[in-house]
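Same chain, two partners: chain A is paired with chain B first, then with chain C.
== the complex of A and B ==
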């Protein structure tokens, strides 16, 4: 009984010999062995190319927590992208998902680290995300 | 020309995240002429905070836009964290517990580094691939 994420990375021709990396992580609450037990699974239309979208949609902070995020650009146009940022006055960009691409990562989410921001290259791009988390402090909403 | 395929499977048993079992699978392939890669690298993370000696996972603009990064914290204990940050503003982007992995296409114009607050020097593994420039 647990939630797991498995990655398989394969290539027959990136090197002289085939490359095959496979790894699995089991999701636990911060620093321990207790299974994570909360999830938000959303499909979102990024209706504006200038207005950022936050994940989650409101500030739900917890200073010590565990967050895992799967996010996918659902566009079928390979040149349409969404930029992934750490929340800030202008946002700090670090990820870029072109049409059809996905990312998965664990991250922090507190007042110091900020939330995840998403900004599309054009209005109307659909994305989906799965945010797996633990006890969010809803009293800290702003 | 080379092709790399990354596949993910997320699974959750019935009663864990939701009443019913969940399963999500997805994959993405990247085919590039003249693809370059760092290969699979492994290093002890020595720095305990944001610092010049932090482990460099990716150097800004080393690849054209959209390089892919795979990272794993190989520590056995979930309390053994590796923090991954961007080196322009020193903002933490990933908090990786022991056993965690991450996979993402990068924007590519920012250096990415790692440190481990515990001082126990956990190992980090990583691969970057994309278009060399």
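== the complex of A and C ==
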């Protein structure tokens, strides 16, 4: 099994010379060579313009892991955005994804309060996300 | 206005059916569909302690305050599987061995990340914490 992500960053005119960056990562479990083996993919309508918890609280927060998260704002309206937050002890809304923009980053939910949340700028924005993870037993017991 | 494009290609055969995602975005300024980000900073740093430090202070961003909107690319170019950076957000306190104020995740050898960054104020600095003190290299590019 293998999971890879390739990024290409290009610009012909942001600097005096062209910018061209290309990099590929193959995702393995923390600190080793064993491939990641769990994935969750969702396309959702975020509904009301209130905070939404993106990833369920894990039984294994604060573990060293190599989890990754991809998020895309599916809106085609440039003024519609989704604020991405770490809802921890202080809460950091660290960035906004405007219509059509995406983000890809590691996410390890470092404590029980360190959930990733998203806050749509208006009701009804569609979003998709992919969570690549190595945590086990992520589903809440009944 | 400059045009900068970021493409991602994500593929996985973890599940019984494969997952393949390809997306492209143009790095526009906040709420714009026409005005491209027009400044760029490209940095390679060598970190030689396991203290957490500012990777990028909010003042480095070209767009700050309540409407701040920048994109940040970070890569860990190490080839040693066990070497990682902890990435988070908080206020700079110099060399600090304490806990990152809000931790995002672990960026392992060969991994990259691309995030929007609001850089609102001094509590939004991007913090980094190397796992070893043996001259770990980090690369980042900041678009505003």
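Criterion: the second predicted complex is superposed on the first by the 120 of 142 C-alpha atoms of A that agree within 3 Å, B and C clash if a C-alpha of one lies under 4 Å from a C-alpha of the other, contacts with A are read in each partner's own complex, and residues count from 1 in each chain.
Following the convention adopted for this analysis, a residue touches a chain if its C-beta (ideal position, glycine included) is under 8 Å from a C-beta of that chain, and two chains touch if they have at least 3 such contacts.
Since we're looking at a predicted model, the values are computed, not measured.
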{"item": "Side-by-side fit of chain B and chain C on chain A, or clash", "value": "clash"}
{"item": "First (chain B), second (chain C), both or neither touched by A:79", "value": "second"}
{"item": "Contacts of A:20 with chain B and chain C, given as first, second, both or neither", "value": "neither"}
{"item": "First, second, both or neither for A:45, with chain B first and chain C second", "value": "neither"}
{"item": "Set of chain A residues, in rising order, touched by both chain B and chain C", "value": "1-15, 19, 21, 23, 25-26, 28, 30-33, 35-39, 66-67, 70, 72, 84, 86, 88, 92-98, 100-108, 114, 130, 132"}
{"item": "Contacting residues of chain A [partner chain C, same complex]", "value": "1-15, 19, 21, 23, 25-28, 30-33, 35-39, 41, 64-68, 70, 72, 78-79, 81, 84, 86, 88-108, 110, 114, 130, 132"}
{"item": "Residues of chain A touching chain B in the complex", "value": "1-15, 19, 21, 23, 25-26, 28, 30-33, 35-39, 66-67, 70, 72, 83-84, 86, 88, 92-98, 100-108, 112-114, 130, 132"}
{"item": "Of chain B, residues touching chain A in the complex", "value": "1-13, 15-18, 22, 24, 26, 28, 35, 37, 39-40, 65-66, 70, 72, 78-79, 83, 86, 88-89, 91-97, 99-108, 110, 112, 127, 129"}
{"item": "Residue ranges of chain C in contact with chain A within the complex", "value": "2-15, 19, 21, 23, 25, 28, 30-33, 36-40, 42, 69, 73, 75, 81-82, 84, 87-90, 100-108, 110-118, 123-124, 141, 143"}
